[in-house]
Every structure is written in structure tokens, then in C-alpha cells.
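The first chain written gets the first letter, and so on, giving A, B and C; residue counts start at 1 in each chain.
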Amino acid sequence: MKIVACIKQTFDTEAKIVVGGDGQISDEGVNLIVNPYDEYAVEEAIRTKEKDGGEVVVVTVGGDKAQEALRYCLAMGADRAVLINDPALAGADSRAVSVALAKLLSEKEAGFDIIFTGKESVDDGVGQVPSRLAEKLDLAQANVVTAFELSDGKATATREIDGGSETLELVLPALISAQKGLNEVRYPSLPGIMKAKRKPLEVLALGDLGLSVDDVASKVELVAAELPPARKAGQRLTGEVDEVVAKLVQLLQDEAKVI
Amino acid sequence: MDFFLNNDELMIQEVVRDFAQSELKPNAAILDKEHRMDLGNLKKMADLGFMGMNISETYGGAEVGVLPYSLGMIEVARACAATAVTMSVTNMVAEVICAFGNEEQKQKYVPRICSGEYSAGAFGLTESMAGSDPGGMKTTAVREGDHYRLNGSKIFITSAEYAGVFVVWAVTDKEAPRSQRISAFLVEKGTPGFTVSKAEEKMGQCGSCTNEIVFEDCLIPSENLLGEEGFGLKIAFMALDGGRIGIASLALGVGLEAIDYAAEYAKEREQFGRPIATFQGLQWRFADTYTELEAARLLVMQAAFLKQQKKPFTTEASMAKLYASEAANRACYQAVQVLGGNGYTAEYPVERLYRDVRVTTIYEGTSEIQRLVIAQQILGRL
Amino acid sequence: MSIVVCVEQRDGKLRKITFEALSEGKRLATASGETLKALLIGSGIAGLADELKKYGVDEVAVVDNEALAAYTSDVYAAVLAAYIAQENPALVLFGHSAVGKELAPRTAAKVDCGLVSDCLAVTFADGDYLFSHPVYAGKAIGSYKVVGPVRMATLRPNVFAVAESEGAGAVVDFAPEIPAAKVTITGVDMASSDRPELTEADIICSGGRGLGGPEGFALIEGLADVLGAAVGSSRAAVDAGWREHAAQVGQTGKVVSPNLYVASGISGAIQHLAGMGSSKVIVGINKDGEANIFNVADYGIEGDLNKVIPALIEKLKELQ
């Protein structure tokens, strides 16, 4: 079985966001991590392999630094990695990313049985790549998955929907986007980190995939970024519990008009 | 010369930090209070390769090297000093068996330590009448056919309650010159005639147990002699050279944790209408403390680097242990002072850190003994 | 040209986000001079078209087919793409709901157009649409343009005001070819609760580690009952197993924007704020006067929630 996990390198969730003079978000001095949801994806890919055999390939579209994210996944237990790295993909939008991934997975890395992705990336929370990729590769998909099982070539997934959950049966090959709760992510072991150094990590440019710069033109353009208006601390209500509560109810009714 | 960690070192540091912060730190205060170790966590650490960081893969080790070991130890100690000392002694035991054991001994014991089949390894050197001067030990081992008969006792043995294997030193030839009287042995837990007594009530690192162990006509097979007869002290000193890098890193971790906590606190805590961190009197403390800890870090990294390069490192390891443990003690002292009354209560972690750090100038050679070692290396035996 | 709203219904009931999207669609259509169309997909749902007309729709296209009874992204995306190919709309709007989050990008890939997700505002100026979307979990707001003839956006629930208005209100049938689904839904498990859904609720009462245990949530539920509110949770309470992950609000949980968010026993970690920072009014109840929640709360009560919440419930009951 060939199992693919798509990962993205993102800012650490603790990061302080700074908007530079050019209106763009600066990544100066920010700690980069594997998108947390993608860790669930990689974990599920490794577990599936441990159960049913095969290989796990981690792929990402990113810059030079993204190699570190791939190495981390190799240290967790993935078998090999592919980085699509091309200057034309700097600042690529979700469409461009999925075009590049789809090309890779339909040609050079064709023949997969399952693709695992995260449900969204925590930096911009767009969550488009899984669906776009599923469409481009004409796959069955289950989004925001909290449980996954594979038996007799049939995949069953439980996913979150608004107000509940749904169980799906999917025809393989399929794409599964991982939600927290799908599994508990392992820490890479130290021997795993050492072994990762010897595992193959292939770097491909657009040309290697047979794509041109025009193929990955962005359709979404960032015009400007700004910090949101800071929420200000409001009133502190003090006094005896009964007074405070009465005051709160009155303010919610008369001033805020929300109850 | 370059001071940057490479990508592997950074990843190891990050993984150990993640683990220590999520799995060890939340329980550190509880283990301290309840005087118990979390054996489940020791097993998890073994599974991740923390118990044989400098051991070859052949024997189940992670083989990451000495510098990453030191970086990892700092992270574990930041989260839980009691767990860190367990890890430190266990690594030291695995290393000493690898360095001096024969092939059978290595095959038999090292993988069990690295894999966590043994929760820990233990190091049985100190006796009630032989601490700084282990050459004065009284425990005896008498050869009887294919066995040795051990009699005597050891004190202050870290992890004695859950260690699977003990390296134990005993006098094999009273008549020999002092440096050749002693031999080292491998003793499995549960060997008849070998008992572990009650744990000491300690000031700090209370999650880790420290016990007296007693040998009463304890027969161990002669193949459990570690190295050659009469080489015991040499083995002990070489093991301690490496162990000191671990303890220096441990001390540094505790000191950094305390002063970092104090720095955050000082930025929040207000007196006289402003954060106490704005008072120059406190700023200078922070400047001095961080400078000392940074100097300690460089000494520790240097000793680790030399050991990794298989260069002589005895002097540097002693310097690192001496300076890091003393600087970390000062850092914890300062941290308690910065927190004022809060620093003296168990509500705040620096109270525990202050107790935990104290022993780092004592075990694996007191500060005085480190000075002795350093002076001897420099001046020669006078 | 037109603006198309992809209608969301579940079991024959229209979702609130659809009214929000139609209302916003109408405002934009008025500014840009486009017509407003709604695409209604499902089985046995033709009757819903009338309700849609109240929001100024010029035309409702109905795709009513048994094969569309259950939503699956592959089949619905094919229907949408066929409609878009016929209509050539300038803008297609979806709700940023579980369905919209999946369906919009799948459709966008089929149509090969740009999509801006989770918009907080859409404006029309100088002949183009501008979309604002929070990034880095709300720590910054980006404004985006979409290049190309078709633009897509998903709208964050509870942010866009619902307004009724007049429109031509024509209803037409649309009957595209419907492909076979690659996915079969074998079970649905709706949380059995008469509380509103978290992302749609006007009021949310959330609890955190300060509740001290799963029993603590009884207090929060009592408060939610009198307010008709949904119940949310911090991650600490979810990790402790006191609450389902589905109730988690924050960066790795749900993003919500209710009119009123009451946070009890929640310290206000940055990751929690990422999920509720766009609430209109925030109330914080915490015994620690320095808790970060007070830096964002419109009304802060420093006190023991075990005393404050029961008193608050009493007071609210008096009013009813």
C-alpha cells in the first residue's frame, strides 16, 4: 500500500504576529513547526502502514526550511519525503499548492491508495487544499475526520459535521483530512531522528513536474494585512456577588443589548 | 569554530523539550510531594531513546552523541530534576557497561537498560565511610570458585528501588596497592543476599529514591565481574568523568528554569507602582545570573564536545560540573529572592527548584573534589 | 452577471447562514449592479424556494433529485460547477460551515477559480470585490482580491446581518447530469441536545479548567439553559475529558462569533481567544484578577464562579 501524507510548515501557534512595513506578515525569528493537524495525518499514515504494510511518503510545497518539517515526519516514521520547492511557488495560494501536489501525485508519485492531510493549517486556517486536491485527483474525500479504519480495501471514516458526526464509506483511493482526536501523535524517537538522516528526501522544482510558472499563478492576492483592532479591557464589576450579578444583567440588557 | 547547533541537535533538543514539557513538567511537583517516581514515564523515555543516548545502536542505544545528550538533559531537568537524575545515572550505567563490559555483558544488560525493560540502572559506589574518597570502601567481594561472595553496604544509591542492574564496587584484594584493591561488578536486582533498604528523606529531588543497599553473603557469578580485577577505581573515575557532564547539564537546566520563571514574575509583579523588573537592583541580578549560566553552558558544551570527539575531557568535565552546579545554585537562590515570600512557598515552582538544585554541588563529586581533580590535572600530583 | 449563493439545507430545513449569505449577497448585488441568484440543491426541497425569496433573490434555481438526498462533496461540487458554467457568476458565496468549508474549495478546484475562506467582510469598490479574512488565528486580518472571472468566498457564520428585502423572486429548475457518489453515508449521529449549534448560537456559555471537574459543567449548563445558549469549553477542559472535543472553542477548536460569550474559569490563553475574539460582547468570570480574559472582556467579574454563576442564574430567572 502506498500512503501519502501532505504536510505544511507553519508558524508556531505561540508566535507573535508582526506586520511589516510592506503590509506583509513577517516570519523573522518565528519558530516553524509542522502544522499540528498534519501531525495527525502523518501519525495516521504511519499507523496504517504499521497495520497493513506499505510505505509512507510525506510531501510538501515549501521553501528550503520546509526540509526540516519533512525530516521531522521522517523521524516520526515516514519512509521518504518529497519537497516541491520553486521560487514561483513563494506566496502561492491554495489553488497553486493543490495544482502542484496534484501533478506530483498523478504522475511521478502516482499509484497511492490513501492521502492524509490536515483539516486546515493553523497559520491562515484556509482549509482549501484537501478538497481542491481531492477534486483534482478525482477522489472520494472525508473532511475533519476523527476516526478512520481500513479493512478489506474499504475505508470507513467518522467526520465532524455541524452539530454532530457522520460515518462514511469511501472507495479507494481516497483523501482523508485529519481532525484532532483522530489519534495521539507520537514523539519522534531519538533513533528515529538519526535514521531520518538516511531516508530519501527528494527536492523537485516546477520543471521537474512538467509545470510552468503560469500553471501555478495565484488567483488570490493579498492586498494588505493589518492587525485587528485590539479588544480593550472593559469594565470590572466589583462588590458583593448579588450586586455584581444584578449590575451585569442590567448592563447586558441596557448597554450591550444582548439579552 | 562555530557556536551553532546543527539541525539534528536542534531537532533532538526540540523533541526532548516537547516531551518534557508535556509529559514531565505537569507532574514534577506531585512526584516531589508524594516522593515517588513515575515509572510509566521512564518507560516512555526509554522508548524514545533517552536511556541510552550515547550508546551504539547495536546495543539498543540511540547513538545521538554527547552534545545532544547534554541538550536533552537540560530540557528534562527544566521539567523535572528527579526524573533527570534518574535518566542521568541510567545513561551513565549503560555507558560504563559499554565501555568496560565484555560482549556477553553488553548484550545482556545494555539493551535492557536502553529499552526500558529495566526502569533504571544504578551506580553503587558510595559507602558510609567512603564518600569523597571511594578508595576507602569496606564492601568486600571474595572469589569462591565461579562466584564472588559480596558483603557490605552502600549508601545514597539513586533509583535503587526500581533499578534492574547495579554496578557495585567492592574490595577484592585488601593487600594490593590502594589503586588496585577494588573491582566493579554487575549485580541484578533480586539476587539473593542483596536487599534495598528504606529510602532516605531528602531535601530535594524527592521524586527520585536514594537508598542504602545491603549485601549479606550475596553470591554473584564470576562472569559478572566488570572489567578486570583491581581496575574498579579506574572504571569508577572514568564513569564519573562522563557522568559529570550529565550532572552539569542537569544543574544548568534547573538553574535556567528558576531564573526564567523569576524573570517572567518580575515583569508582572508590581511594587511601588511599577513592575519590580524595572528596579535596577533586580536587573543586575538577572544580568549576572544569566551571564553565569551562559558561561556554564559554554563549559558544559565544550566538555560534551571533547568527549564526543574522543579527546581527553576530565578537566573540562570537572570544570563544567563545578561551575554549572555552583552557578545554578546561585541562580535558584536569586530566583527565590526575586519572588519574595511567594518564592518560599510550594505554590511557586522556584521553592522546589531551590531544593532540587542543592545536591548538584554534592553528588558525583562535591565541588571540592572537582577542584581537587582540576588542580591535579593542572599541577600534577604533588 | 450575477452573484450566486449556495443554499445550505439539512433535512429540509434552511440554515441560518444561508439567510446571512443572501442578505450579504443582496447588499453586494446592489452595490455592483449584479442580480442575486440562489442555488438550492437536495431532494424534495423545492418548497424551500419561497422562504429564500424573502431575502431579495432575483432567481432561485432548484436542483431537486433523489440522488441528492444526502450531501457528498464530489456530487454537490459537480452540480455547482455545472450551474456556474451556465451562469458565469462574478461571485459565489457559501457559508463557512462544515459543508461550505468542504464544498467551496472542491467546487473552486473544478471551476479553477480563487476562493477566500472564512470572510469577515466583503466589499465592492472600484469595480472589484475585496475580501477580509482573519489569518494566524485572528492575530491579523488580510484583505484579498480574487483574479479571474469567477470569485468564491465562504462567510463566517453570525457575522453578516440578516435583512429581508425585495427581489424578482423567480423560481427555475436546473437539471444537470448527476454523477455517482464515491462516498456513502452509513450513519449520522446528531448530538442529542436542544441547545443551539455552537457556531450558530447567539449566546455561548463556556467553561474551563476553573470548573474543577466534569460536575462543574452542570453550572455552565444551568446558565446556558436560562440564556438559551450553547455550551463551549476551553481545551484544558476537553483534554481533561470533561467535555467533548466538539465543544472546544479556539485555535484548534471551533471559531465562534456569538453576540454574547460568557467565559467562566477560563484564563484567556491566546489560543482560546483566537476562537472567540470576534464575539460581540464578552463576559469573563474568573477568581484571578490578573487573568488574561479580563484584558478582552467587556464585563469582568472577579470572583468564585461557584458563587457568581448560581447568583447569575437566579437573577436571570427572576427576569423571565
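Basically, a residue touches a chain if its C-beta (ideal position, glycine included) is under 8 Å from a C-beta of that chain, and two chains touch if they have at least 3 such contacts.
Remember, it's a predicted structure, so these values are computed and weren't measured experimentally.
Relative to the centroid of all protein Cα atoms, the closest per-chain Cα centroid is that of A. The chain with its Cα centroid farthest from the Cα centroid of chain C is B. Centre-to-centre, using mean CA coordinates, chain A is 40 Å away from chain B.
In whole angstrom, the spacing between the mean C-alpha positions of chain B and chain C is 55. Taking the mean of the C-alpha atoms as each chain's centre, chain A and chain C sit 21 Å apart.
On the chain A side of its complex with chain B, the touching residues are 68, 71-72, 75, 187-194, 197.
Residues 11, 13-17, 19, 25, 36-37, 93-95, 98, 122-136, 139-144, 146, 156, 160-171, 174, 180-181, 217-228, 231, 233-238, 241-242, 244-246, 248-249, 251-252, 256, 258-259 of chain A are the ones that touch chain C when the two sit in their complex. Touching chain A in their complex are the following residues of chain C: 10, 15, 73-74, 77, 97-99, 101-110, 112-118, 130, 133-148, 182-191, 197, 199-200, 202-203, 227, 245-246, 251-252, 255, 259-260, 270-271, 277, 280-283, 294-303, 307-308, 311-312, 314-316, 319. If you check the complex, the residues on chain B that touch chain A are 7-8, 11-12, 15, 18-19, 47-50, 53, 57, 62-64, 68, 72.
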